[in-house]
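Both of the next two complexes hold chain A, though its partner changes from chain B to chain C.
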Partner chain A sequence: MNVAEKKARVIEPDSLIGKRIPKMDAPEKASGRTRYIHDINLSGQLYGKILRSARIHALIKSIDVSAARALPGVHVVITAADIPDQRPIGVAKDHFPLKVGRVRSQRDEIAAVAAESEEIAEAALKLIKVEYEDLPVISNPEDAIKPGAALIHPEPHGADGSHLHLKQGMSIAHKGKPDNIAMRFDYVHGDVVQGEAESDVVVEDTFKLHYVTHCCMGVSGMIAEFDASGNVLMYSNTQVPFLHKREFAEYLNIDPARIRIIQPPIGGGFGSKLDIYPFEVICLYLARAAKRPVKMLFTREEEFLASPTRQPVLLTLRSGCKKDGTLTFRQVHTLHDNGAYTSWGATTPFVMMQTFSSLYRVPHCDYHTAAVYTNNPYAGSFRGYGNLQATFAIEQHMDMLAEKIGMDPLEFRLKNAQDAGEVTGQGMSFKSCGFKDCITTAAKRSDYARKARENAANRDKPGNIKRGIGMASMLHVGGGAKIYPSDGCGTILKMDDFANVTLITGASEIGQGSETVLSQLVCEELGLPISAVTVVNNDTAITPWDVGVHASRTTFIAGNSAIGAAKKAKSKILAVAAKKYGTAEDELDLRGGFVIQAASGEVVVELSKLLRNLHFQDKAELVMTTFYYEPPSVHQDKGFKGDVSAAYAWGSQVVEVEVDTDTGIVRMTKVTGAHDVGRVLNRLGIEGQIEGGVVMGQGYALTEDLLIQNGVMKNPNFRDYKLVTAPEIPEMDIAFIESMDGEGPQGAKGVGEAPSICIAAATANAIANATGVRMFELPFTPEKVYRALHGQTPKLYWKPWKAE
Partner chain B sequence: MTELKHYFAPTSLDQAVECLKDGDVTILAGGTDLTPQSQAGRVKIKHTLMNIRHIPQLTGITLEGREIHIGALATITEIMEHPLVRQHLPVLVEACDHFASDQIRNAGTIGGNICNASPAGDTLIPLLVLDASVELASMPEAKLYRHTMPLSTFFVGPGKTRKSLCELVTGVRIPLPEQGHVARFFKLGTRPALDISTISIGVAGTLRDGVLSNARVAFGAVAPTPTRAAQTEQALEGQRLDAATIEKVAAIARDEVKPIDDVRATAWYRKEMIHNITKRILSHVAQA
Partner chain C sequence: MSLKHDIEFTLNGVKRRVSVDVTMNALAMLREVIGLTGTKYGCGEGECGACTIQVDGVSLNSCLMFAVDCDGRNVTTIEGLANDSKADALRESFVEHGAVQCGFCTPGMIMQADHMLHKHAHPDEACVKRGLEGNLCRCTGYKKIVDAVVACGAAEVTP
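Right, the complex of A and B next:
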C-alpha cells in the first residue's frame, strides 16, 4: 500500500434541487409499456355497461329487463329495484347511483348489465325497455330560481297528495328540496357600501363562463372484485383513495377496513377523479351480484356525457377604485349552474371568494353564490377550481379600472399587489410572496408596456390582422388546503442492504410527476442518486394515509412528509456511523452514496457497507422510518375566514394574440409567464407542468366548448369538442420567481393548478388591446369574436340575485 | 350492431364489381370515415365487408393524355406528395395540406373522401373547381362496364351520391389546367389541424390580361352537398378583378349560399365568411 492510495477520497457537494430530471415513469409511458386500467384483466372477469336515460327530465314509469336477462352471456342485470340498500351519493347526497323513479339529466343511470363480453353487455342494454313520462326541462339556472319554477328534487308526496313529513337529517335524495337552490355561499369583509362611497370610479359587468371538461386521455374505468370473505378489491383511477375507501364502504354498508383500492397508472386526472360517480358504485353492485370481478370502461362518448365538467358560472362583478389607483371594493354575485346533482363544482366558491377577496388588496368585499339545480350536466372539480372563472372577471376589471382613471395598467396592478407579511381580509397570511416580482418579470420579459402602447396605436390602421397583448395574475393555494379534518400525508421509508430506498407514500401519481419530485427530495437528504429510489404509491393496503391529489398540494405536503421520513433515516444512519467511527453526528453527512466528513467531504464509509454492517450483526437493525406531515394551516371559520393554506402561490401571465378581423380567428402567438413557485425542484417537471397548464388555459379561452342545449350535449366527441392541437400552441417564455417559502419542502410551493388560471383573462385583455372590444363571455371562438367586432353581441347583464 | 357475415378482399377490379352485384356490400378503403361512423351507429356494416385495398387497378397517379388520373386508393398523403399533382394541381395539394392530420392523411383515400360525400369534404372543393370527373365501374352483365360522371353532378345530399350500390368508384380524372390557370382554396375552421370546415371555398379560372374566364367557384359546408356556385361564377365570368368587381362578386356569393346553423357555426356567420373569404381569395387571384 503506497501513500497515494491512503489518501481519503473526497466527494464534492452536489444537489438535485433545480436540476432537469426526467420523470421516472416517462420511459414506460413513451414506449407504450405502461399498463393502464385498460390493460388489466382479471381471470373470470365480466364486463359492465350502463343504460343511460333516453330523456332529460322524466318520470320512469316502468323498466322491463326480462329480455336482457334472458340473453345468453348475460350474468346480471340490475336496476334500482334490485338494490334495496342503495345509498345516495355525491357532495350533497342528492342522487342514487341507479336512479329511482325519475331521471334528471342525459347521463342518468337507469340499469346496468354484467356480461361475458362488452358486445353482449351492449346488446343486452338494447333489450331493456323503459317507459317514461316527460317532465318540463329546466336548462337555464335563471329559470330555475324563478318563483314557481318546476323543481328538480321535489319533496315526496303521499298517495293522497299530502306532504310527507320526513325525518330531519335525511338526504336530499330521500326528502327532496323545496326549491332549486343546491348550495349558497355568502361572504363579506369590510363594508362595500363604504367602499363604494370612497370610490372615484366604479365598473360593473356580467361575465359568462362556459362548460368545458377534462378530456383525460385515459377514459374512466374501474374493476371491482369481492373475495370469498366479502372483502372488496378495486382497481380505481381515483385521485383520493383514502377518502373514497371510507365513502365506498358507506355505500356498500360494510366496514371501511374491508375495502382495498389499487390505483393503476392514471391517464389524467385534473380534478375529475375527486368525487365518486354512479358508475363506480354500480360496478361494485354488479360485482357483488355476479360474484365475479367486473370491469367497466367508458367509451369516449360516455366520458364526455357522464364525466363532470368545469363549473359554468354567470357572474356580475362590481369593482371600484380611487383616482390614485387604490382599489376600494369588490361586490360579486354568481349563479352556478349546478346541473341535476351536486358534485364539487358547487363548492368552487371556496376558491373563487379567495380570489375576489384577496387577489390584490381589497379593503371591502362582498361575495354571494347560489348554485342552482337544472337538468344540465353536473360540474365537478377541475384544475383551478373556480379560479379561472374569478380571475377572468377580476383581471378584466383591473384593466378597465386603470383605463377609467387614466393609469398605466401595470402601475395600477403594482400599486395594489401585496407584499410578504400581509394578511388579507379573508385571513390569508402571505408568508412568502413574489407577487410584484411576477408582475414586473412577466411585463419586462414580454415587453408588455411598449407592445400594449403600439398595439393600441395600430388598432385603426388598415389590414385585417390586429395584434394584442394582455396581462393577468393569479393567487392560489400553494401549501395544501385545510378542508378535511387532516390535510396531511404519511410516508414510510425503508432502505435495503445496498442503500436503495423504497419510498412508500400516500401521495398518488396522476401524471403530475410526484414520484420524481418526492424521490428527488429523499435523495437530496440521503445523498443518493434518483435511481436508488423505488416509489410505492398506489395501494391503500400498503401506503399510509393521504388526503388526495387536489389543491396543488402534493409537492408541498407529500414532499414535506417524504423529507421528514428521510431526515429520520439520515439521523439514524449518522448516529450509527458516528458511534462506529468515534466522531460526532454533526460532523458527518451523506453524499454520493457515502458517509462523509461534513467539512472536508472526505469519505468515511460507503453507505451500503454501513447499512450491511448494521443489519448483519448481533443486534441486527434495518433503517426504516415513518413520518406524517400535517401543515400548519387552519380551517376556515363560519364566515369562510382563516389561513387555510400553509403557503400561497402567485403568477402573472402575458398573452399575445393576433386577431383576424375578417374571420374572428384569434391566434395565440406567445405566452410569457412568471410564477412564484417558492423554489424550482425539478426544472423539467415544472416546465412541463406550466406548459401543459398554459395549453389547458388556451383551450378554455379559445376553442373548448361543451355545447348543452335543453340538457342535451351536442358535441360529445373530439371532432366537435375542440382541444388545442400542436400547431396552435404558442411560443412560451416561462420564468420562475423563487421566494423560498419557509415552510415549503426545500422552499417550494405547489404549482399544479396555477398555470391554467390566468390565460383566459389575459387573452380577453389582449383582444381588447388589439381591437378595442371587450369580450365578457367565453370561449373566444371565431364566430363569437367576429360578432363582437361587428357589434352583433348584445351587452350581457345579469341582475344580481340574492334570495332572502 | 352489424349484419356482417362475410369479409372479402378482392385482388382484381372484376372480382370487386362482381361482388357488388347483390348490392349488400359495405366498401372499406382507408377506413378513416367508416370506422368511426360504424362505431357510432351512423353507418351499418352490411352483409359483406369488402376491403378494396388489394386491387392494383385502383392505385396510382398518372398522366393520361391531357388528364391526370388519380386512383381511388391514392391516399391524401400520396396525392399531396406526388410530383404530377404538385406541378399541375397545387390547389389540390393546398387542400390536402389542411386535411385532418398526418395519421388520417396516411390512411384516408381520395375515393373514400368522394364517396363519403360530406358537405365539408376537404378534397371535394378543389376537385369541383378543377372540373374533375368520377370514374365508376360495375358489372351489369358478365362484363366490366366503366363510365365517368362530372363530379359536379355526383353529390345528392350529405353522405349520398349518384353512385348505385353495384358501382365502385375507381378514380378521378382531372383535365390538365391550361396556360394562365389560377386556382385557390381556403378552409376556415377553428384550428389548423383536425378540423371540419366551418366553410371552405375554391376558386379557379383562366386569368389573361387581368380578365378571368372559365370561372369556377365552389363552396363547402354551406349546403347539403359541396356545391358549385352558378351565380357567383356568372358574375365573375369575363370580369377584370378590380376592387368594385370583387366586392360585388363577394356580395353575390353571400346571397347565393343557403347554409344552416349547426354546432360549428350559425348560418349568419357562414354567409359572412363566404363574403369575406371570397373577397380575400379574389384579391389574391387578382395579384397572381
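Right, the complex of A and C next:
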C-alpha cells in the first residue's frame, strides 16, 4: 500500500514538556487509599520496639532482660550479647546497631523486643534493667577538640590498662580513635596569602548554624521477613535501595542476591533515608530470631530522637576584594558537630566547598573542616547538604564587602558571578549557566534595588515595624554527583499490544513527582498520552540498578535513562513501520498514538495496531528495551577537584521581611525566586518543589531549632519544635530561567534541593537592610533578634582552627 | 490487659459495633480495629492534623479522642468522603493544583478543608490559611494546598 494514497488524517504536534501535569499518584493519596509502610501488615507479623539509652555517655555495666523475656506475648528480646556477629554500620563504620559496652548519645540502642503487639513490646522494654556508669558528656564540638578532651570512641585497652594491639583495617567501632575528629577536609586552590595581599578590603566573621531535623510527616519504619530458605524481604523507606541491599547483606553476612527491598510510598524523605540506621538492622535481627515478620514503627518522639539531623556548623569566613569589586580570596574554617557517630552529615563539606570555591569567581580559596565527635545526636544528610550553611556565610559577606567598597550589591554579585563556559578553581565546568539571569530576574521582579534603598532610608524613622529586603544566590549539583563508582540509573521499558507502556525504573519516588516526570519524558518520545504509562519503581527484584535518590539527580539521571529506553523503542517501531509501509525511518514519527509522516503529520498507522501486527506474526516480537545512563561526570581527585556533576543548577532568591523592633518578631512577607532549572518539564511539579523548599528554608531561618542541652534533646515534639504553618508562609513569586542544558533530559537540570538553600542567607541580609544589624547565628527567633537589635549579642568569634 | 468496652456508632454512613480498649484513641481504633488506614498517625498529640476526622460534623484530631467517646456519634473519615460529590471536587482540586506530594498529610488536610468548606462555602486565602493552621505539611509549603481549597470554594460560586 502506498502511504500517500491513504485518506489523510493529520495529527497536530503536541508536547507534554512544560505543562502542568498532576502527579500520577495524587488521586490515590488524596483518597486516603495509598498504603504507606505504616498501613501494611503481614499475617503473622510481630511488633518490634527498641530500648534506648537512659544516659548520654556511659558504660553499660549490665543488662538484665529476663523479666522481659518472661512476659507473655514476647517472642524475642535481643541485646548486643545475643548477636555476636554484629558488624559496624554507618558511613565511618563507627557503631554497632545494638551498642556494645558503651552508650554515647541519648538515642543509643541497648536492647530490642519483638512481641505480639506494640503494647506488649513496650511493656517488655520497661522490664529490662540496665546498670550504667556515667562518663563525662561532651556536648560542645569546641570542647571535643581541646587537648586532653575525653574521647567519644577511645581505643580499647586490655584488662591491665595496656594498649591493645589493633589490626590494620579494623573499623572505628572496633579499634576506636585517638582523637575526636571524625572526618576532615582540606581544600585549596590558588594562594590565599597572595589573595589577601591583593585585597583592598578584608572581612572576617564567625557564623553559627544550628540543629534542625527533617520532620517527615510519616514516621520511620520498616517490615522485615525471612522466608523458609533464609531470603530476606524488606519493606523499607530507603532512598537508596540498591546500595543498601548490598550493605544489609554485609550486616547479615549473607549474599546480597538474597535480599529484596520493596519501597512502599514514603511519607517524606528530604535526605533522611540516605543512610542505614540501627533500627533497620535491629528489625532484621528480630525477624531472623523470631522467624516471623517484624514491623517496627517510630513514635513521633522517637522520630525526633533517633532520626538524623542537619549538622550544626561553626564557621569562620575571611573574604577579600579589590576596590573595583573583584573578589580576591576566601578562607574558610568550619567545625561540624558530628554527634556520636558518623553519617552523611560529616561529608557535607563536599558540597560546602563547591559553594566557597565556585559560586563566584574566586582566584584563591582555602577551606578546612573538621567534623568532630560529641555526645549529641548524629548528623545525616538533609536537602541542601551543607549548602544552606555555606551560603549563609558567603552571601552575607557579599553584602558586607559591597558595602565596604561602596558598590551596589547587585553589581558586585554580577561582576563576580560565573558564566557558561567557565571552569572553576575546583574543576567544575559550567556548560549551561543562567546565574546572571537569575540575579537580574529576581532583583527586577522583586524591585530589589528601589526597596533596598528605601528600606535603608526608612530605618531611623519612627515606628516599630521595619521593612527589609535581602538577596542570596546558590550553586548546586544539577546533573547528579559522581561519588560512587557509578552515578547511573537503569530503565526497562515494555509496550503491550495496546500501545501502553510499563516504565520500570531504578529511580525511587519519594513524593517529589519523579514517576510523573519520567512518564512525561517517555511519552514525549513515543507520542503517547501520560495515561498510557504505568510506572514500576519500588522493588529491587524487578527494577534495574540506580544509585539512589539524592543530590537532586533523579530527573536528570533517571530522566536521561528513561529517554534512552524510549528512543530505542521508538527506533524499533519506526524501523518496523518503515519496512511495512515502504518508506524511510527518518520520514516517520510517533504522535498521538499513531505512526505519522514526520513532515505532514499524516497518519500512517495506529501504533497499537502496528504493535499487534509485530506481535502476532510468524516472527513474533515484542517491543521491550533497556537502557543504562551514566552521566559524563568524573570523580574528584584527592584534592577534591574535578567536574563531579554533569550539570549545575543556579538560583537567586530575594526575601522580604518585616522586623518588629519592639518584639524581635521577623515576619517573612515575600520570596521572589529565579531558578536556572535548565528547562521546566512539569510546571506544576517544579513549582511545588520550589514552594516547599522555600518554606523549609523559612523554617530553618526563623522557627526551627532542635534544642540539645548537655546531649539531651529538649523539644522532641511538634509543640516545641516549631514548623512553619499555613498562615505564616510568604507570598511566593517564582521565575524559571531555562538555560537548556545540552546534556539534560529535554534540557532540564536537577532542582530538588535548590530552593531551600538561599532563604536563611537572604533573610539575614533582609534583616540587616531593615535594621542595620547583622545576624550571624540562626535561627532568627524573636529573642535572638531582640537581643541583637538592642546590642546585647556579643560578637561571635571562633578562632580558625585546623586539625593537625 | 486493658479493659474492653463495646460501643456503637455510625462510621462513614454505616452503623458499627466494636469492642475497644478503654485506653485506646479513635485513631488506633480506626486503623487497627476497623482497618481503615486513610487516617494517619503523625504525632499522637494533636499537633500535626494528619489524623483529622469529622465527628458530628466537626473536625478534630482522632489521636486526642478516646475511641469510647465515638459511642453514639456520627464519624466520618477520608474513606467516607468517597461517596460525597462535594468531596470529589475537593479531591480533584487537590490533584489538579499539585497540592499532593508525599501525600501523608493529605487525608487530614482534606478532612479539615471539607469541614471548612461546610462552614464557609467560599473562603478567601486568609480564611483557608487560618483554617489549615493545625495541619502540618513538610513537602508543599502549603501554597498549593491553600490554592486548591480556595479554588474549590470559588468553583461553587461560578455557575
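In this section, the second predicted complex is superposed on the first by the 797 of 804 C-alpha atoms of A that agree within 3 Å, B and C clash if a C-alpha of one lies under 4 Å from a C-alpha of the other, contacts with A are read in each partner's own complex, and residues count from 1 in each chain.
The working rule: a residue touches a chain if its C-beta (ideal position, glycine included) is under 8 Å from a C-beta of that chain, and two chains touch if they have at least 3 such contacts.
Predicted, not measured: the structure shown is a model, and the values here were computed from it.
Of the two partner chains, neither chain B nor chain C is touched by A:484. Legend: residue contacts after superposition of the two complexes on their common chain; A:581 is shown touching neither chain B nor chain C. In the superposition on chain A, contact of A:628 is made with neither chain B nor chain C.
Once chain A of one complex is fitted onto chain A of the other, the partner contacts of A:132 are absent, as it touches neither chain B nor chain C. One of chain B and chain C touches more residues of chain A, and that partner is C.
Of the two partner chains, chain C is the only one touched by A:22; chain B is not. Applying the stated contact rule after C-alpha superposition, one finds that A:719 touches each of chain B and chain C. Within the superposed three-chain model, A:801 lies out of touch with both chain B and chain C [touch as defined at top]. By the document's definition of touching, of the two partners only chain B reaches A:707; chain C does not.
By the touch criterion defined above, A:684 reaches chain C but does not reach chain B.
Residues 718-719, 724-727 of chain A lie in contact with chain B in one complex and with chain C in the other. On chain B, the positions that touch chain A within their shared complex are 1, 40, 101, 188, 190-196, 198, 263-266, 269, 272-273, 276-277, 280.
Interface of chain A with chain C (complex): residues 20, 22-23, 25-36, 38-39, 119, 214-219, 265-270, 299-300, 510-513, 684-685, 687-688, 691-696, 717-719, 723-727, 729, 732. Those residues of chain A lying in contact with chain B across their complex are 123, 126, 301, 662-665, 702-703, 707, 714-715, 718-720, 722, 724-728, 781-783, 786-787, 790.
Residue ranges of chain C in contact with chain A, taken from their complex: 2, 31, 36-45, 47-48, 50, 77-79, 81-82, 91, 94-98, 100-107, 110, 126, 128-130, 132-146.
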